[in-house]
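Chain nomenclature is as follows: A, B, C, D and E, assigned in order of appearance, with residue numbering initiated at 1 for each chain independently.
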Amino acid sequence: MGLRSYIITRILLTIPTLLLLLSMVFLVMRVLPGDPVALHFEKKATPEQMETMRRLLGLDKPLWTQYIDYLWGLVDFGYFLEHGYPNLGKSMQTYEEVGGQIFSAFPATLELAIYSMIIASVIGILLGVVSSKSYNSILDHLIRGFGTVTYAIPIFLLGMIFQLIFGVYLRWLPTGLRLNPAVDPPASITGLYTIDSLLEGNLFKFFESLKALLLPSLTLGIILSGMFIRMARTNMLETLRLDFVTAAKARGLKESTVTYGYALRNAFLPILTMMGLQFAILLGGAILTETTFSWPGLGRYIVDRINFRDYTAIQGAVVMFGLFVTLVSLVVDILYAYFDPRIRL
Amino acid sequence: MSKVKIKQSILARLIPRLTSLTKKGPSGWMAILGIIILSALVIMTVIAPWIRPHDPIKTGVGPIRAPPSSQFPMGTNHLGQDMLSRILCGGSIMLQISTLSVLVCFLIGVPLGLFSSYVGGIFDRACSLVIDAIYAFPGLVIAIAIAAMLGPGVVNMALSIAVVYIPSYFRIVRSQVLSIKELTYVEAARASGAKWHTIVFRYIFPNVIPSIVVVATINFADAVLTAAGLTFIGLGVTKDVPDWGWDLTDGRALLSSGTWWVITFPGIMIILLALGFTLIEEGLSELLNPKLQR
Amino acid sequence: YTTTVVGNLSTLTSDVSTLTGNVLNLTSTIGDFTTITLEAIVSLEARLAAMEAALAKVTLAKKTLVVGTTDSVEKTLDPAQAYDYFGWCILQQIAGTLVSVKPGSETGADFVPELAVSWNYSEDLDVWDFNLRQGVTFWDGTEFNATHVKYSFDRAIALIPSIPEGAPAGLGYDVIINRTEVLDTYKVRFQLNFPFSPFLGILACRASAIVNPNYAPIEEVEYTAGDPRASTPVAFVGPYFLSEWKRVAGRDIEIKLDANPFYWNATGEYPKTEHVIFRFYSDPSTLRLAVEAGDVDIAFRHISPTDVLDLEGKPNVKVWWGTGAFIQYLCFQTKRAPFNDRRVRVAVAAALDRSTVCETVFLGLSDPLYSIIPPGMLGHTEAFKKLGDANYTLTRSLLADAGYNETNKLKFDLWYESSGHYPMSAEQCLVYKEALEASGVIDVTLKSADWASYKKNRDDEIMDAYIYGWYPDYVDPDDYAFLYWASWIHTNYYNATQVALYDQARATTNTTLREELYAQIDDIAVEQCSVVPLYVSSAWAVTRPDVYGIYLDITQDMRYWLIYIGK
Amino acid sequence: MPLLKIGSLTVDYRTSRGTIRAVEDVSFSLEKGETLGLVGESGSGKSTLGLSVIRLVPYPGVIVKGHVKIDGKDIVRLPEHELRFIRGRKVAYIFQDPMTSLNPIKKISAHFAELIRTHEPNVKEAKALERAKTVLKDLGIRPERINDYPHQFSGGMRQRIMIGLATALNPDLVIADEPTTALDVIVQAKILDLLESLRNAYGMALILISHDLSIILERCDRVIILYAGHMFEHASSTELHRNPRHPYTQGLLQSIPNIELADQKLAAIPGSPPNMLNLPRGCRFWPRCSYVMKICRTKEPPLIDIGHNHFVRCFKYSRGRAKS
Amino acid sequence: MSEIVKVEHLKKYFPVQKSFLEQLFARKMSYVKAVDDITFSVKRGEIFTLAGESGCGKTTTGRLIIRLLEPTVGEIYFNGADITKLKGEKLRLLRRKMQIIFQDPYASLNPRMKIVDAVGHPLEIHDLAKGKEKKEIVLEVLEKVGLTPPEQFTNLHPHQLSGGQRQRVALARSIIFNPEFIVADEPVSMIDVSLRTALIDLMLNLRKDLGLTYLFITHDLAVAKYISDRIAIMYLGKIVEMSNKESLFLNPMHPYTQALLSAIPIPNPERKRKRIELTGEVPSAINIPQGCRFHSRCPYKRDECSKKEPRITEVEKEHFVACHFIKS
């Protein structure tokens, strides 16, 4: 089977998963207690007002119609082209388009996720490789210890410590927010401030956004790095024991070639898969990080909206998370197939 | 068998296993360290009612936000509650939540995984599909949504954490069964006419246990951290029970005003509790990794 | 914050090096903000941009107020629709009303001219005439006149059916106002349905802001926050205009106010500060860190009591104290046992310990409240003092009457909200529980729910006892007194006498008489204890030391046009 | 000067369960063009010994004693970076499992190019590939297949590629560690023939490691019998076949079926190989030995030279003189 | 001698695992033809050997006979009765009469069961014995397989045993029901040479003592020659030659058998033989060549070979060969 048909298969296979994911979200949202309409009224409301609201939110329709509308909204490409985001319904709290809200919040989470992922993988792979190379030495124990401890730290605790050290005492970095409000955000092209400011050619903005990004992504990255160190270390250890690594050494190849060109490149494949799986965890961690650092992303959005029982919003955001993770695992699988010639049968 | 006897026999079985861990190098020691930390915390929690100096939820037993002193070795918090007593008693909630969630996961995830993988076919496909879909969600999001749905309380928190973790059990059990199912000794059992439940419970399940233990330990650790996270965003237990999660959340609000002790001690405790489990997991998963054994 | 210079200036061409030199100078003067590495600045354009940005900073630092808050506009800035603290706060900066409360007013009843210069009302308080200010223009050049007033109120009322929970509906415009008449270009009349003395209070609130018909049509109300017709920056006549409003995912991430050059009082040098920028923090601790770190000039709303007291002593910040109008009260579900028994309610009320809550939980930043009307306001009494605090003798005797004693304790659930909608709810209830149980005859179970579930529980009437909070729409006892029997609290309590007294108080401007009437309402409330006032909180703001012009009065308004950073 | 000279080599694995002395006091030397067979049961230390020659004993193994001299250079004491010039270039190693000894994500061409260019940095990539193709052709693999990945080859072909990699640089010594165990007899015969022909063509020395005495006897000039890390017998294959001296060797020879013999009676060696963590005192074979004497249970027998370049580690022959 | 097992036209095709998409678009399924129409019978008391290269279908045949796999086509008779379709309880009863021993002594015992359970569990499965009773039977059987004294072994776990011992335990388990027929799937190929002979001898003794019949599977023709009465050589799922051992080794007829025999190393350095060289690679079991499946490697191949599949015929008495050019 060629790579192309593998990719097609893999994409087709995600369809049932996605459908299931979407349906599950929809169903779960309907059983969440708390009448969103009743919740809407801070102080008082008559039954007529409630009815109006219900109609407004489309909650008067039968469940399956809502379900169809919901699914249709997701695939309505015309709508997407017109608005730049899918039709996820209107927020029950603010009446805004949930799709728009989510698409505006998502880049923040994405940027945080990407940087954390980079930090986590760099720390993880670097330390993991060092650790595996010095197997059973003091250094190895130290690195394992570091990985184990970081995994056990609550994210918000670490975040807080960073805020205190780098924000309050040292005053090096801002304690929160995505960008110093005195600075205009860069024109939105990708929605990722660091990239947009580079595209704009504005280094000042780039450094500003980087400064804001540093603490949150470091927090999340370090917490995650524990798991990454473990993954990298174990896989490296396993790979270093494989025959072809020894065989390569026996052929007199350079140590670095053997470590990086042979062991790491092979160990990287399972690491890649696990990274894909970690993405869901990373996004979960992003919720706490976003709350700690006032990061205007999707995680904070969800927590916000849950308090209002804003079904459509939570539904949309959760779907977005789910889609994103599914997409990531799709990409990971394809990358895997691309890097591993054995998959291309 | 009397209770004492049962206990003795359990101990008699456990102790050699523990001591055998010491012979397995650093990974064994890591696991032992984890077990020691955990035992210490469990013992502390069990005897806390007798050794705590004050009522952990009584406000105003001391001045507000008193720093650690001989009278209040861990200081007091913003309500004048004694931190030492709270630390001593507060592990109970965390342990309850994590144990309960692990139990629930175990009771649902393991049988489901065993059954699904052994039966195979459409049922297996459907189960895997659902589980994979759940797996695609960020765990904390599900936990938050379900915790919000169920309302606060130990059981509800445990349940919401459990939902996140059931897929892990399912997946590990399933993949293990699928590989063990192909092993020769299972085939040998079939050849001697064993029925499928015998095969599953006598031949497959015992060999899946080590992997489950590894998942369970990490589940424990995550349950602790998730519980703290849920409390942090306001979905925790009520305030009238001592809880490290609450102390941590309170401490976070107090930290900036220089009250370091309200966050430090519960922070350390939660880290220790989670660390106990992660150490065991780290140790065991290396010891049990077939690819690293010679 | 360091300025790093890498590279050699002499190798650069002369004009570039002067430029760079400038940048460097700038960066060192405003080092607080920027880190520029020479290496990083690759091209001349980039340098220019960086310099511009740096220059912008220099001006900003003087003419800009950076405000940190944990609030966010809920949905809209349309006065006919907005009904949240922060929405109103922004509206106050950008929209004008006919009258306003004098900054610093103690009772909240000192009204001063705004878009109206003078007013009078009929004896029976149902006809109110206003003479309008002349020479006021909207941003688009439209001259402000009486038609705008009429239009604004007509529109607000017309929108009520389509905005079920909109502000005017909350305030009852449609019930109060019969019609608005244009008497003259600069004279307008409100014909009310019944005598209504707090009318000026209503006119002073943000729901009564005057809108520009060109930008605020009646038909086709879009609910979107960003919709220019609903919340356009040019729709109003206030000291500021909204130069930027960015929301991400239903939450503000950027609000910028710029001085309105057409503000009628611009000659009076208002606003004092040209730009106001809001920064939005997700929780009080981070906000506190921000103000301490100097990231914001003003931190207003939701710095915790602990933090504010801690900050008070610090040299790099200044703490401002003011009167609060936010109150909390305990509600009983009177529909069923045990609280269908008046004696039980009173007994529990008597066992409460307000001062411990105020002292331990709020660290003295709130005061025990013994009437639903907060102190400073007309009609405030100390009625509930009759029952006392932690008055266990009364509690025990009343409960004994009702059949409860040490062995058969009164058992009930005390609910609080757990998602931070009210401050320190959990702590408060813990202390209440302790005080109640100290009576020896009460057994309290604490229960919590997040805000959404809490409101649902309220409506489902499943909570025995629960705490609730209130801050006023307009500063008048009229906006508090009804809480004793407000139907949406779902205590199932109704008392015709109290309602009659309340209506009577509405219909008179005689303050002595009104005071008398509210006192009578309170007396009945003490007897009935359907709702028991608990505390009223103070207000505070934290700023950098050189901020001036803050008035934290009973209105809870932050008037940013009066605030400036001085020398 | 012999090509390879190993003197009292001792290798330990320091495991958490205890120290395993996998190779103990092994000495022998090898001339250019010679073929030496290492035979022993599983765990007897064959691979360890083989890997010691290129100092690649896997973790946690350590060479604790002895020397391994290649062209007079003791590689035990050589700094790591100099080892690279020995490995692959002077001594090549072929591993047991052809399925796992090639990097699955690299093309065969990359394997060759890397090898050649590491040792001969001046050679251009294209030149290296040209050479690789010739090598493949010699091995009977179509040169076009150089751009395939390892998994696209069968086991036998992969082992041939391994051999190609091992011989591409014309090393002086090739160590083949059970090169055919994973393969079928027909392929096995082919691979061994190939090795033999290469050896004849280039005159390199060969150490053939196997647990199958038949193969060794068939293919090697000299044989070393290893048992639990000890060299039990060392002789030329004809000598060993005719005059096996050690009881173990004798037992071994009697337990291999030979298809050429009609009605062969096999004899079993009783007992099982010792636990390496808990070796018996004295001779490590005595619990299984039918000639066991008192001394065997207490003392370790020395390696005894019984003439004709035949060495035995057994007290039965202690009248001969012990080899120092 | 009567036939204990008879196999007729047995086939086993494994569908090739394909991805979802390929299943949708593939015109026809492709199969691994692991066993492709074989017929033979095993006589009571004999040792019948299946030999051949890796992947030729030996194990599959064994597992088919023991009913661990469902045959695609064909019949299996045991003691004259057709057992091809047996199910449920009847099959379970049959299991007491036919047993199997596997190649890998490390994988064929449940690592979590003590020896006493590993060996005795079949008794429990069939409700024949429990507890003490079971233990006694186990002790007896362990003694039989040469694990003496048996008490020493009962409470050990498999990892505490050596490979040879494990294989004895596996043997003990397989004879616990006193079966009539045992499939021994390469029972000694993973065992050290010095231990092999003992195990082989043990199996031969057991045959005598218990009246067993073996279907012996091996790729090692030397071992096959030593142990068996009759031998069948398989190539790509088919039997190419089948005869009693003397005839086979003295007079191998099929070119494949000849090549195989000539490739076997002889433990005698002084004897050099001529080897029959085969060209080409072993074809995969999915793409079996047309005609004679050996023709792609056969040194004697002719046109005919690639067109017509030769049928197995009895060329001499009890000597069957599948080749176009070998006729009686």
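Going forward, a residue touches a chain if its C-beta (ideal position, glycine included) is under 8 Å from a C-beta of that chain, and two chains touch if they have at least 3 such contacts.
The model shown is predicted, which means the values in this text are computed figures rather than measured ones.
No other pair of chains shares as many C-beta contacts as A-C. Taking the mean of all protein Cα atoms as the centre, the chain whose own Cα mean lies nearest is A.
Rounded to whole angstrom units, the spacing between the C-alpha centres of subunit A and subunit D is 52. Chain geometry summary: the mean Cα position of subunit B and that of subunit E are 49 Å apart. In subunit C, the residues that reach two or more other chains under the touch definition are 285, 289, 292, 419, 450, 452-453.
Looking at subunit B, one finds that residues 25, 148, 151, 233, 252, 255-256 touch two or more other chains. Within subunit E, not a single residue touches two or more of the remaining chains. On the subunit A side of its complex with subunit B, the touching residues are 16-17, 20-21, 24, 28, 31-33, 136, 140-141, 144, 147-149, 151-157, 160, 164, 168, 226, 230, 234, 237-238, 241, 277, 280-288, 291, 299, 302-303, 306, 314, 318, 321-322, 325-326, 329. If you check the complex, the residues on subunit B that touch subunit E are 183-185, 187-195, 198, 202-203, 206-207. Contact residues on subunit A toward subunit D in their complex (touch as defined above): 135-136, 241-244, 246-255, 257, 261-262, 265-266, 269, 339-342. Taken together, the subunit E residues at the contact with subunit B in this complex read 63, 66, 68, 91-93, 95-96, 99-100, 102-104, 107-113, 121-122, 125-126, 170, 173, 177.
Against subunit E, the residues of subunit D that register as touching in their complex are 41-42, 154, 156-157, 184-186, 188-190, 193, 211-215, 217-220, 237-238, 241, 248, 251-260, 264, 266-270, 272-273, 288.
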